Every structure is written in structure tokens, then in C-alpha cells.
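Submitted below is the structure of interest, expressed as C-alpha cells.
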Amino acid sequence: MEQMDGHADSPELEQLYRDFDANQLSPLWTQREGLMPMAPEPAAVAHVWKWQTLYELARRSGDLVPVGRGGERRAIGLANPGLPGTAYATPTLWAAIQYLGPRETAPEHRHSQNAFRFVVEGEGVWTVVNGDPVAMRRGDLLLTASWNFHGHHNDTDQPMAWIDGLDIPFSNYTDVGFFEYGSERVTDEASPAVSRAERLWGHPGLRPLSGLEDTASSPLAAYRWENTDAALREQLLLEDEGHPATVEQGHAAIRYVNPTTGGDVMPTIRAEFHRLRAGVETPTRHEVGSSVWQVFEGDGSVVLGGTEHKLVTGDLFVVPSWVPWSLHSTSQFDLFRFNDGPIIDRLNFARTYIPGENA
Amino acid sequence: MEQMDGHADSPELEQLYRDFDANQLSPLWTQREGLMPMAPEPAAVAHVWKWQTLYELARRSGDLVPVGRGGERRAIGLANPGLPGTAYATPTLWAAIQYLGPRETAPEHRHSQNAFRFVVEGEGVWTVVNGDPVAMRRGDLLLTASWNFHGHHNDTDQPMAWIDGLDIPFSNYTDVGFFEYGSERVTDEASPAVSRAERLWGHPGLRPLSGLEDTASSPLAAYRWENTDAALREQLLLEDEGHPATVEQGHAAIRYVNPTTGGDVMPTIRAEFHRLRAGVETPTRHEVGSSVWQVFEGDGSVVLGGTEHKLVTGDLFVVPSWVPWSLHSTSQFDLFRFNDGPIIDRLNFARTYIPGENA
Amino acid sequence: MEQMDGHADSPELEQLYRDFDANQLSPLWTQREGLMPMAPEPAAVAHVWKWQTLYELARRSGDLVPVGRGGERRAIGLANPGLPGTAYATPTLWAAIQYLGPRETAPEHRHSQNAFRFVVEGEGVWTVVNGDPVAMRRGDLLLTASWNFHGHHNDTDQPMAWIDGLDIPFSNYTDVGFFEYGSERVTDEASPAVSRAERLWGHPGLRPLSGLEDTASSPLAAYRWENTDAALREQLLLEDEGHPATVEQGHAAIRYVNPTTGGDVMPTIRAEFHRLRAGVETPTRHEVGSSVWQVFEGDGSVVLGGTEHKLVTGDLFVVPSWVPWSLHSTSQFDLFRFNDGPIIDRLNFARTYIPGENA
Amino acid sequence: MEQMDGHADSPELEQLYRDFDANQLSPLWTQREGLMPMAPEPAAVAHVWKWQTLYELARRSGDLVPVGRGGERRAIGLANPGLPGTAYATPTLWAAIQYLGPRETAPEHRHSQNAFRFVVEGEGVWTVVNGDPVAMRRGDLLLTASWNFHGHHNDTDQPMAWIDGLDIPFSNYTDVGFFEYGSERVTDEASPAVSRAERLWGHPGLRPLSGLEDTASSPLAAYRWENTDAALREQLLLEDEGHPATVEQGHAAIRYVNPTTGGDVMPTIRAEFHRLRAGVETPTRHEVGSSVWQVFEGDGSVVLGGTEHKLVTGDLFVVPSWVPWSLHSTSQFDLFRFNDGPIIDRLNFARTYIPGENA
């Protein structure tokens, strides 16, 4: 080991360091810059995964790997190249493609980890959350918050794939997770178009008098594409009419929220949907915290740390903390995003920097 | 003045009381029971107003009284018989029928007082809230929270009447109110079916990214009957299917909420809608705080302090604090309710008592 | 009744108004300005009560009026001249001098109303709050929040007087109050220098692990003069040293707070202590909500709505909503203040206006 | 790779796994149990560090390693044996002994990471927080919350050592940290007994009117031993007198709190002090989240995951998530504790389990 001035350590200092090691100690002064950088220096890297590749590998898994108790899910995680040996998309977030063959069932279980599914294409699977069957359809966001029992079953003769998002890396790292097995088959095999959660909670601005206690996670298990699409469409129309509605010119966006609080849908995961008009280029943003995006529809690209990546429907990319990003749209460009925003916000670490803007 | 033991006061005591008076003082011991009763002893009384009578008087006002600057509104307040000399429905709440003739306009103004309109019949008026025209239709709740400019204009050749609810008595009593005149005509005479507020905020569980700041009052200016009706219908269907959804057997209810917080729509006024199946009798409840109810549809009655009152569409009644009430339904029975619940809750005075139930 | 243009009403209109009366209705248009003024027009007026007069009348009451069950307290309320027929200091606040003779006991009771005592001179009484004897000494603020049993007993051969502050007017007006008798004598006649509440909660920044649930009112029953005095002294010293600490130049002030939340000590009452250096004149302020002040020590005056009132130790004055006030100090000038700030703040009615300042 | 039933994978499956690797993907089913265990299975292990060893190594560092810009601090971190290659006490917490020689200065800097110091022995150093010199004395907790400039200087001819606690591991893992250099010397070399922060904020239940905005971290930079000791002593006395005050029989404890909110002193770190009477054995607890403890005074032991460790003044130990722990006291036994409780609580992961107790 060398001292900071480049000189070799003295024998006494060498001995001191050996004694540190022997006593499970480690000096700050030799590693301060790595531990406490001037700005976030994530090990995770920006990366793009192509949906076509993902889907094809998921389909092959469908042929080769059974789904069932133990492995629990036929889910294939995005493994960030900067976090080798893990299946983590970012330090806090897990993102995976999950694939369920015709008539298959993924057995019920529950866990501390917060989870959601987002459907970029297909339909026919019902996720059963605490006994409530929730149809999964294109464009829908489906929640399975911490400690809710859930399983999935494919009610059709077609396979279906979607993405799963969870806080597995965060939960694993902070050692907060519990897990419990449930029923081998889903506890309710009905296939209603609308879940009970939506029937009770899916009315704008109306709260059941039987549900006046706030909940840590949203009681609304399904956020339907029709509503998301309408909300974004109206924002752009309002912008056309000269009224404030969008985040910035040509950029509509919604956050999915817990109707009992107006806050994020789950304590660790934020979910949003963004729509750019054709020809929009968003300002380059540095943000604390990491995000995963999936293109839902349209053509465009993302510039990540200065490198442009072309994107088509289904493609996923991750933005580690403080890596600058900007979206460019060729056509109308729809993207789903989730991130660890609630963690960052609740612990007071939020910062955003847009070069050229006043602080 | 007599002493508490019934003896006449001594000359010294008489002199003391005169000296109190002369010095703007008043003893507690002679009036403690009135000031601090064992349980609320409201001066306001339970009372029923018949819609037919109200409407007919409003119609006559339409012929005789112009609407315009100064008087501002052709609104006729329910004057609680227990609060003589006031136009207060309860100590905290104002309730009125407002009537607007064909093509008439009620000029714009704004005030600290929180206000809403509820429509029991008719349509054709737009209330313009901060320049956003909001259609008023049967079954809708329309908000005009504190300090928002608002006016109303009737875009049709038919008159229209509705009820107004405000915290005028509370604001007047606590001396918190400001008032400002605005435009003589409404600032936007368009008559869209859907307001901008609804287009931006009326999507269940979705929050515009341009609106992440919580607001003291709901940004959703209109709560439409279609949604309210659907929410109540689903609660009763869920009950039929064996799932928890209703307040109590046969009694569905929603609270109108601010989507940015999940809490009450305005800081001083709570609004709810209740639906009873035919043949339901709710438990007798004593509640701290005062309420105003209006029958929206159906037949039934209310028992107020032991007296039963038959009710039909449009009839209004008030329930002062701690006066026991119970609803009885002959048919499916729909009622709108507003009260001072947020005042009671935020200041920690809430209590409910249902005789026969455990505390 | 005349119309707004000064013309006599037509017979039809006269009949309409009679029909309103007969049906418990009251039009807005004839009374809008009174109900909804451009700015608060309180009925309550600014007024000053001299401590010497109060104390002398209290002393005479001590000779003539027994203290005991029924009347409960030998308390003489400040009766605002603008609120005739009441014993209200302001629309929301009760303020009284309470007097307890040698060895007397005021029996225990509890009520929904929030109460405190502030001691401008003397000592020797213990207020027993839920069985915890709390010594009352000069400069102390003692709390009896909603629904805590409490009685007072004089452990000495000297009388003692102090001021009581309660939300009786507010509670009475909104019909939220309950009352219950307790023990005839105080439940603990010990006379410790320090209460159990202080021993558990009176350590700055330290919270007992057995008390992690937040409470609506402060669990700290006593706020001692030594601490208040030290806090104010330090603010002025810090100001001398060039550091931000005071409200404005020469004006130190603290708010008494609930240590479980950092917020007001009780849900309806705010309590503060202000100290002016000699020769300070505070800016003229208009504030929504009403206040009661008592001079604790020093000489000065208050300008209330343009009229100056000289003040000495013990003098009390009320500032109704929006009445402009300014304090002027001749010597170091110490004042205790309480007001309905939590009501105003929690219901979003707060406004302050200082002429000459930018909004 | 083997399948879960122990059979070797087929060539097709082997190829699939290779394709996963090539495409930065990783299947859930082969690693689900590791990623999502039935209960927390922390990599970090329970471990004890002896103060005598730590102090001696720190003293030797004082002779061999200069303190100054770059390395910034002569701090030696506890390196959890289960987290090799890091200097992390637990996955979320950094704990170190810091040593400052006579007249030495540790230069000023600021960082996103939240930090505190706790002093088990000695005095003579002032930590200067945003220009406010804060004396460090035995038993004191000193805060340096996120983004406050701070440096330390030893104003005496004696060295001083203390422990530092930070959220470095958490901040590093989640990539939220920023860092900035400040002054080479502390910006105020005065050595007052009491800091300005204490003069403004250190009065129980009193809040400066100039400080009504809540702050994310406590504005009270110093929590003095005199207060902590008094609070604990009173809890045990109250217990003696038969009043509720302690956590459990013979176990007094306080939490250090932010006086503006009553909540934790910093967004990521909870700090507490515990005192056991002689002869107390606390129930065995499993808790989600990790803790670091330091013995302040007295003799006793901790049982960690079934193994007993004798402890004397200054000894430190870590309790990883869900590892059962129990304290046993031989004499009166005083311990300081800090943990990641705010992270666990704010993200809704809290759980405690005491075998034998009802859930």
C-alpha cells in the first residue's frame, strides 16, 4: 500500500495496516474518495436491452424450464453489466421479463418485496392478488405490494410475457425481506375483466367510506391503459389549447399514485408514464436515484451519458444515478418508467441538475 | 341573581357582580353548565326543508329579484330555527338553494369561504372556476374552494336550481373571511361537456407530473354522477358477492376526496354520498359536528332525535352535533351529505356513539 | 325591507320575504356584505383589562364565593365588549383570572375543552393533571389538554391567582364539548417541585422510548419560566453577536410546542412568549385569528387599531382578527400570548399583512 | 449448472444460460432463494470490537498518519467480517473511531452523508458545524447532518478519540452522495462551552419563532450527557415510584429527536441511549434493520445469535438484521445505540419478533 503522497509506506505503517486487518478495521483515509465521491459514481452502468432478444430468450425458457414451486417464476432478470454476479438492473431495482405458457400457473406466494407488472403486449393472464383476480392487458400496470399473496395463471392457449419490477436488490442489500409460500394454484381462477380492487377504488376522486384508513401501498391493484392513454392525450390537448398541463413543451407525463394518499403506489417504487410528441428532445437531466424505462410504443432514442441508443417498442434501458439522460422522439413516443424515487425522496437525497438551467 | 343554593345574593355579592359588569368581566361559576355542558347541547335544531317548497320560492325569486353585483347570487339559505336572526343551516355550515334563470349570469367573485354546488335536478349552467367552465349536471358535485374566482352562467332557455354549501357561518364566526369582486360576466363563456380540471385530474390513480405539489383543496372541480353512481353500485354488488365493500349491510357510501392527498375535498367541508338498499335501517348514531343531507333519489325517512320525517327527492335536513339520527329506506335511497367533519377531525374533537355498540 | 337600490320592495317581494320567514329561509342577497365582508369585520373589539382591577375583584370573589362542585372554579372571564351577553374574550378564546384561597381545592373534572394556566405572579398551587401534581410558579405555562382530569389545590396559607385560557367559545359554538366530574379533592395532594410529566418529557431533544406514539396535545404539562427566560435571553445575545435568532431586530420570541411533533401544544390553542428590548416598536401587523396577550414584566404599550394603551405587569389585552397591532417597549418588555393559530392554520385561513412590506 | 432437481442441465438449457449471460440476463429461478429468503439472511455478521484495541490502534495512527485534505479524517472504520473488502459495519452503517492529536485540525468539508459523533471518553475537541463551534465532551451526541460544512479541531494538548457514525454504506450503495471541500482550518476557532445551536434550540418544549420551518435533520447540533443521564435516571425513579416510564422493567431508554418534528435526528440514522439496572436481562429480540452499539459505562454482556460476549466501557458490537440479541447487565449498564431505523420505518419494512410473545 502506498501513502497518498506516493511514497511507500514505512514498516510501522505497514504493520499498522496489518493490525487493522487483523482486527476487522479499515482506515477511511486510504479510501475516502471511493466511499464519498464528489458526485455519485455508480458502479451500475447505463445499458439497453432489446425486447426482441428478451422475448425470444423468454420463449425458449418457456420450452425448457418448468414454472413451479421453488423457482416460483419464469422470470429473467436484467443483469446490469456494472454489477457483475448479480441479477440487478440497478442497485435498488430488479427488472425482468416474465413468461407464462398457455394454461400455466405460477404458484402463489408473498414477500416483503414490493412488485409490479407492466404489460407491453399481449393479454390472457390473470394475476391473483390476495384472492382478487386481476386481468393483465396491454398498457396496464398491475401492483403486488409488500406481503400480498399473489400468483399468476394463463387462462388462454397463448403464451404471455410482461415485465416485472421489484425492489429485490434494495431489500436484499438492506436485509429486510421475508418470504412465504401460498397456494399451489391461484386461489381464484375466475377471469373477470375488472378486479374487485378496481371496482372499489377505481373511481376518480371517490373513496369508499369502508376504506378511510390510509394504506402504505395503493389498494388499486390495476391501472388500466385506457385511463393512462386518456390522461396523456388530454395533457397534450390542453397544451394545444394554451393551458398548463405538461411537464415541458411536448412532454406529457403521469405518475401512478396511491388514492389513499396521492403519493407513490408503493413505499420503494415510483411508476410513471411519459409521452412525447414527435420531434421532441427533452433537456438533459442528472437525477439522484436509478430508473428503468421501457418503450411502450413509437420510435425514438435515448441519449445516456452522451451515447445515443435507438429504441423500439419493448426495449428497456436503465439510467443509473446521476447519469445524464435525454429522450428524443421520432414519432409520438410512449414510455413507461419506474425508479427508486420514493427511497430517494423519503430519505432526503433528491437532487436534479439540468445543465444550463439555474439551480 | 341567585346563588347556586337558591338563596338570594348578599348585597356584597350583588355589588361584586355589578363591578364585574362594569369592568367587562363575567364569572364562570354562574354559567359553567351552559358553557361546558356534559355533552353537546346545540342551539341549532334538527329540521327538514321540503324541496318542493324551496324550489317554488326560488322560482318566485327568479321572477322578482335580479341577480347581479352586490347581492351576487340568487341564493336562499336554510335558516336553522334554533339560530334565529341568522341564515345558518348549522353553526358551521351554510346551505342554500340557488336559482339562475335562462341566459342569466351570476358575476365572478372570490372569497376565503369554501364552497360547493350539488345538483339534484336539471342542467344547463356552467360554473366558471378560475376561468375553467365546469358543466353542472344532475348528481354532480362541483367545487369552488377558498379564493378561487367563480361565476355561473345559464347557457340555456331553462332555469336551473341547485344547492350551495359553504362554511360561511364558521368563517363569519371566526372572522377569517376575505372577499373580492371579479369580472361582471364569466371569464369564459364556453360550454364544454368536460372541464379542464377533469381532463387533467379526473383519471383514477393518475397524477399529472406537472401537478406534484399537494393542494389544500381538491384540484378536481367536478365529481360526476356517473362515477358516483358506479362506485356505489359496485359496492353493493361486491357485498352481494360476499366481499367487504360497504359501510354496513345494505349501506354503500363514498367520500369525495382531494386526489393530491386522499383527504377531504376542502379544509372545512366534507362531502359524501350514501346509498341504502330498500328496507335498510341504519344504526342510530350520535356524532360530534353538524351535517346537512339532501335526498337525491328514492323514498325513505330519517329519524332525528326520535322523530321520523318522511323524505322524497330534493328534501334537505340538518343534523346538529350529537343529535341521534338513523336513515330508513323504503326504496333504494340515495342521499348526498356534507358536514364540518374536517374541522372536527383536524382539531381532534371527533366522537361517535352508537347506543348498544361497545365503545 | 328595502331593496338594494333604496326603493321600497314591491308587495310581491314583501310576500316572498314573508314566505321565506315562514319556511325558515333567508336570502343571501340582502345580507351578503355582512356575511362575507371584504376583510374580517369582527364583532369582538380590541380591549385592555388592568391586572390591578382584575386581581382586586378576584380577591373580593375569594371572600364571597365558595369554590366547589357545580361552579367548579373561581374564575372570572374577560367579556369582550363587542360580544355582549357572553363571557368570551374573543370568538374562539376564553381568558379568565382564577383565584384560589389558602388551602382551598378546586375539584377535579375533565372536559373536551383545551385549557392552560399562565402564572404572572405568586406560587403555592399545584394543578393535578391525570393524577400528576404540577407546581404552579411565576412565569410557568401549565397545560390541561382535552379530556385530562384536573383539579387545583392551594398548599399554602396565601391565596394565588393566575390566568386560565381555554377554547370554550369555540367549543361551545361548534358544539363539540363533553364534561365529566371527577374526584372532589385532588387525587394526589403531594407537592413536588417537579411533575412526573416534566421528569419524563422535559429533557431537550430526548424522547422516552416508552413514548413513541405522537399525541394530539403536549405530554409536557409544565413549561418553566427558567427555560423560557433562558431561551429569550440567548436569542438576544445571539442577535448581539450577529447571528440570526430573533423574529426581528430586538424582538425575541418562542412558541411552546408539543415535543412529540414540534407543533402547537394543543389542537386549538397556540402559546408564545415575546420579549422586546427597551425602545423597540414592532411593525404594525394584521393577522387572521384572535389573540390574548398578558404583560409579564416591564413597561410599554400596545397600539390597537390606532389607539395606544399603556401597559404594566399583568395587564391583558385582546386583538381580534385583522385588527392592526404593534408593541412599543419602554423597558425590556416581556409578554405572554395565546391565540387560535392552530385553528386558523389547520383550516388554511392564515394571512398576515404588514403595511409597507411586499406581499 | 444443475437444475433444481439435481439433474444436469440439458445441452439446450446450457445454451440458454449461456445466451442469458451473453445478453446481460440472469434467471430468477436458479437464485430465488438467495435473492428472496424466507427471513433476512444478512451477509453481515454479529461482531464485537474491543475499545482498548481500537483506541491503541487509533493512537498508533496518530503517530503515523497525518490528518489533512484528501484523506480528510483520521478515522478507522469497523469492517464487518461478513462484508469483506468493505469498511462497512453493517450494510447501511459506517462506524469508526476517529482520533485527533493535540492542536490538530481535521479540515472542513460537507457531504450528502449524514454523520454524528458520540464521545465515550475525553474532551477538548470542537466540531465546527456550519461555522458553529460545538464542544465535544464525554457522553455527548454531536450531529453533522447532510450537507452541513464541518471540521474538527483539538484545542488542547491532549489527544481525543470518539466514534463517528455515518450512512456511508447506504449512500454509496444507492449512489446518492455528493462531497465538497471547505476551509482548510475550521471557520471558527472559538471554544465556547455551549454552541449557538444549543442556545437557540436546547430549551425543552420551546421553539424559536424564527425557526418555524421544519427541518429534515435536527437543528440541535449537540445532545449533552447531563440531559441524557437525567432523563434515564428519572425514568428509573419513576419506575420505582410505580409509574410507567421505562421500556420494560429495569430498562430505561431515550431516543434522540429532531425538536422540529419529534422524529429521528437525521433521515437515515436513529440514535438512542439505553440504561439497564444491574441484573437485568432483556427479552431476545429479532428486528429488521441493523444496529451498532457502544458500551458507555458499566459491565454486562450481549447475547448475539446465541453467543454471549462480555462487554466493558467503549466496546462496540453490531447486530445485523434479524439476528436475535439480548442485553444482560452485571452493574448499571449504559449503552449508546444507532441504527438504520428511519430507513426501515420510512420504507415500511419494520418488523420485530420476540419469541414467546404474542404477535
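The first chain written gets the first letter, and so on, giving A, B, C and D; residue counts start at 1 in each chain.
Everything that follows uses one rule, which is that a contact is a pair of C-beta atoms (placed from the backbone, for glycine too) under 8 Å apart; a residue touches a chain by one contact, two chains touch by 3 or more.
Everything numeric in this text was worked out from a predicted model, so none of it was measured.
Student: Once the contact rule is applied, which chains count as partners of both chain A and chain D?
Tutor: The shared contacts of chain A and chain D amount to nothing, since no chain touches both.
Student: Of all the other chains, whose mean CA position lies farthest from chain D?
Tutor: Centre of mass proxy via C-alpha means gives B as farthest from chain D.
Student: In whole angstrom, what separates the CA-based centres of chain B and chain C?
Tutor: Using C-alpha averages as centres, the distance is 30 Å.
Student: Distance from the CA centroid of chain C to that of chain D, rounded to the nearest Å?
Tutor: Inter-chain centre distance comes to 43 Å.
Student: Please work out the Cα centroid separation of chain A and chain C, and write it as a whole number of Å.
Tutor: 52
Student: Where does chain A touch two or more other chains at once, residue-wise?
Tutor: In chain A, nothing touches at least two other chains.
Student: Which two-chain combinations touch?
Tutor: A-B, A-D, B-C, C-D
Student: Using the touch definition from the top, list the residues of chain A that touch chain D in their complex.
Tutor: For this pair, the touching residues of chain A are 4, 10, 12-13, 16, 19-20, 23-33, 35-42, 44, 47, 49, 53-54, 57, 60-61, 63-65, 67, 70-81, 86-87, 91-92, 96, 111-113, 146, 168, 170-180, 216-217, 267-268, 288-290, 320-322, 340, 342-344, 346-349, 351.
Student: Hey, which residues of chain C end up touching chain D in the complex?
Tutor: That would be residues 196, 199-210, 212, 214, 218, 220, 223, 227-228, 230-231, 234-235, 237-238, 243-247, 253-262, 265, 272 of chain C.
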